[in-house]
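Structure first, commentary second.
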Amino acid sequence: MGEKNPYIPYQTRINNITIENEARDIKTFELVFIDPEERKQFQHRVGQFAELSLAGYGESPIGIASSPLDEDYLQFTIKRYPDGVVTSTLHNYEIGDIVGVRGPLGNCYPLDLMEGKNVVIIGGGFAFTTLRATIRYILHEKNRSCYKNITIIYGARSPGELIYKDELKQWQQRSDIEVHITVDKGDAGWSGKEGFVPAIAAEVAPSSENAIALVCGPPIMVKFTIPELTKLGFAPEMIINSLEMRMKCGIGKCGRCNIGDKYVCVDGPVFSYAELLRMPQEF
Amino acid sequence: MKTDNRIISKQDLNKFLDELAADNTVVAPVKDEAVVTFQVIASVEEVHWDAVNTRESPKKLFFPRSEKLFAFTKQSDRLDVKTPEPADRKMILFGVRPCDIKSFEQLDRIFCNEAYTDPYYARRRENTAIIGRGCITRRSTCFCDAFGIDMLDGTGADIFLIDLGENVFIAQILTEKGKALIEGKKYFKEAADTEIKALEERRNKVGPAAEFSVDLDRIKANLEQIFESDIWDRIHERCLGCGACTYLCPTCHCFDVDDEAKFSRGERIRNWDSCMYGLFTLHTSGHNPRPTQKERWRQRLMHKFNYGPNRTGDFLCVGCGRCIIHCPVNIDIRQLLKIVENTQLEQAQSKT
Amino acid sequence: MKTAGIDSDIRKVVASILDEGKADLVIGYAAGSLPFRTTPHFARTPEEAQKLVWNPLCENNLARYLTKFKGARVGIVAKGCDVRSIIGLLQERQIKRDDLHIIGVPCVGVVDRKKVERVVADNDITEIEFDDGALVVKTVDFEKKFPLEEVVHDTCLECATRNPLVYDTLLGDKVSELENIDEFAEVRKFMAMSVDERWEYFRREMQKCILCYACREACPLCFCNECFIDCTNPKWSGKSDKESDVQFFQIIRMFHLAGRCVGCGACSRACPMDVKLWRYLNKSRLDAKELFGYRAGIDENSSPPLTAYKEDDPNDFIK
């Protein structure tokens, strides 16, 4: 069985671990390929995911949080679920431990559709990971000029639960993007916006003219954000979502992750709202 | 390749199988108490010739119940990964019926496509020659012809045998692989005109046509419209959620991937799984898009008769009837197809 | 198919139960899609009750569905063995007696399809008749008459409660209970083999199992929300076709049923690979009787020996 075996992961080593939130159950793992040649083979696009593979424990499909232009490493931001064997085990791993990465898998955010447009990025909680990869990518000096105005609306339950805090601060200081951070409930030290993401989206009211919106977050956030975007005039084809589903093979064979006739692992996880409307509401 | 019709006596066919078993792994229907299943045989004596079909489908030869994807050993600086060695002998699958032969083609389109090829499945398929057997009788639960499957058509097999009676078989050599198999075997004689005529007569004499016929395109179209309909509320009630239907089915292909390890050594294994199980789509967060048997039964029917054809063009059913015979509560998929076929769309939609 | 004519009685009784609001739903049997089968039927209106039948093909243990309808008022057509399961569910507080309307049916045995298939093989059964204590099976080519004792399930040959022990309505006349039967004759024969012989028999039998869980799903007393085999944290066992994985599931399931199994045979009838499950479960029933003096599914007010602690629990077998 040669290199084409899609069930065998690449091997990487944990180079850095960042605890992202106050509850300490969201960590960003920076992974470096043991074989640098394999890093070159792993050319991902923003929005794709990989199956993180812990030998003896199993695999977990996680969105790739680093940009394709972050050439030396891959980053994955993972929330620990107490019932999840893989996420719980991974959270106990240390720098130097070996993690398998199988991928890149799935489709990507429609960069070609986004070119020349105003890009609105709306994220919530820890589902912000692939959006963060996208932001890093389109803000890169190689790419920035391809896109017009970039607006980011990102929220979390509380200030402590915001992830990528340092990066958020950096983006807020840039003049070539507009960043709105909100929390459901602030605390003593919080001087920023307070309110659910859908409400803030309505308040910011990004124009839908020549614009495309990428939305990713907990189901309830997405459910209430999409109508706000529709009110603002975003057509269903211009509202882009990323879904998650229980997965195993990640390559469209094991039959587990389908919504209607689409497999989230190969036909998704990125779907436009127009596509979602055509799918059975079973997710 | 033009059909190469040969003739062979039962006696010589037995000889052929024994000769094959000397150098190959031959798998054939074997009877153990009342149950006939495909097993490896050492001699033709073990072959059971009389069953209409086996209990389980032969998909397990290409997509085994459990398959080791790789073994691993944790070293200090890397993970040593070892995939299984190829089989050291070629496999001959003997006695496969046209319905099951068709199922292989459907599984081919699922396991090997432009996106990804499953190397385990592909290797087994490549390593196997198929000797099929036409059906000269059928059970009332067989409805293969609803899917355009002909009881005496061996397309997809390498050699296809048709029983002419009186211990004589037509052996149709359908592929280069089949040709290679009979290389030098003098007892495969060219079929004479009289024997070809006997074949045609056999074709006319096969058992009564199945009483069941259905408009598959109408079913596919109806399924498109009735996802939210309440017809699903009653269909699922009897279902135990046991998985017997999916395990016996020739075209069901869902699987689970599981790691087994002790200290630093282990294996990643893939096992059959079933959409009928409650845990199949359960997220770690506790959310389950298919929380009751209603959603799961709907998935089964939709996958086989709508999603499947949408993806590969195949209705994922070959009418073998195994699920009908062995469902513990006698859920008959033909009845459900009729319900779907006859659903009045306006009524169904008005209930949404 | 000709039967004892009990069908119209059952339809009347169930229709009036539904009419009078004694139950929201009655679970019974309807004719199957094949001449040789019946299928569970869920009747919610008197019209739907007209599909109900009762005959020796009614092989499913419908008590299995009761835990799916907790809180609703449910009627159920129940044979003697099914009622033993219901008593088991009542003992373990999985259902409330007040929520149930039990329509008891005295039963002399259900046909074991597999026994008939051994004789009939692949010949399609076109018609079934019950003729005065015999089963008449017709195929295209022949007709065969079986005395009922020859084709009923093995559990029926040793049934201790052919008349349901508990019921709200009884349909049909009571039948005589079997006398002088040793429920455990087969088990004793098995125990007379050497340990090695018994292990080899068990190992070969379990090689047929494909871990489809039909046995678990057919069993009324396998009602756990999460079966041990599905637990990933901790993971007790793999689910592959390795002998050890299959044996682990079967052995642990049997131990979880030890002292609770009522010997209805639903597991064996559901098994698509003809594994002789109930013979091993029967051993656990023998143990419950001999070690604890206990028989499952008989007395609503007692408890399975492994679920309740008593000061005077027998323990002379603990060495």
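Which chain is which? They are A, B and C, in the order written, and residues in each are numbered from 1.
By definition in this document, contacts are C-beta pairs under 8 Å (C-beta built on N, C-alpha and C of every residue); 3 or more make two chains touch, one makes a residue touch a chain.
Predicted model, so just to flag it, every value in this text is computed and none were measured.
K.L.:
Can you identify the chain nearest the overall CA centroid, using each chain's own CA centroid?
P.N.:
B
K.L.:
If you average the CA coordinates per chain, which chain's centre is most distant from that of chain C?
P.N.:
It is A.
K.L.:
What whole-Å value do you get for the distance between chain A and chain C if each is reduced to the mean of its CA atoms?
P.N.:
51
K.L.:
Can you work out the whole-Å distance between the CA centroids of chain A and chain B?
P.N.:
From the centre of chain A to the centre of chain B is 39 Å.
K.L.:
Using mean CA coordinates as chain centres, what's the gap between chain B and chain C in Å?
P.N.:
A distance of 31 Å separates the two centres.
K.L.:
Residues of chain B touching 2+ other chains?
P.N.:
Residue numbers touching two or more other chains: 256, 258, 260.
K.L.:
For chain C, give me the residues that contact two or more of the other chains.
P.N.:
None at all.
K.L.:
Spell out, as numbers or ranges, the residues of chain A touching 2 or more other chains.
P.N.:
83
K.L.:
Inside the complex, what are the residues of chain C that reach chain B?
P.N.:
It is residues 32-34, 37-42, 60, 64, 114, 117-118, 121-122, 124, 126, 208, 210-214, 216-218, 230, 238-242, 269-270, 272-274 of chain C that touch chain B.
K.L.:
Using the touch rule from the top, collect the residues of chain B that touch chain C in their complex.
P.N.:
On the chain B side, the touching residues are 32-35, 50-52, 55-56, 64-66, 137, 139-141, 234, 237-238, 240-244, 247-248, 256, 258, 260, 269, 271-272, 274, 277, 279, 324-326, 328-332, 334-335.
K.L.:
What residues on chain A touch chain B, complex-wise?
P.N.:
Interface residues on chain A, with respect to chain B: 1, 4-8, 11, 34, 54-59, 81, 83-84, 87, 98, 100, 244-246, 248-249, 251-256, 258-261, 266, 280-283.
K.L.:
Could you list, by residue number, the parts of chain A that touch chain C in their complex?
P.N.:
83, 85, 88
K.L.:
Spell out the residues on chain B that touch chain A in their complex, using ranges where they run on.
P.N.:
Result: residues 69-70, 72, 74, 77-79, 81, 83, 110-111, 113, 115-120, 123, 227-228, 253-261, 266, 268, 270, 273, 275, 280-286, 289-290, 295, 299, 302-303, 306-308, 310-311 of chain B touch chain A.
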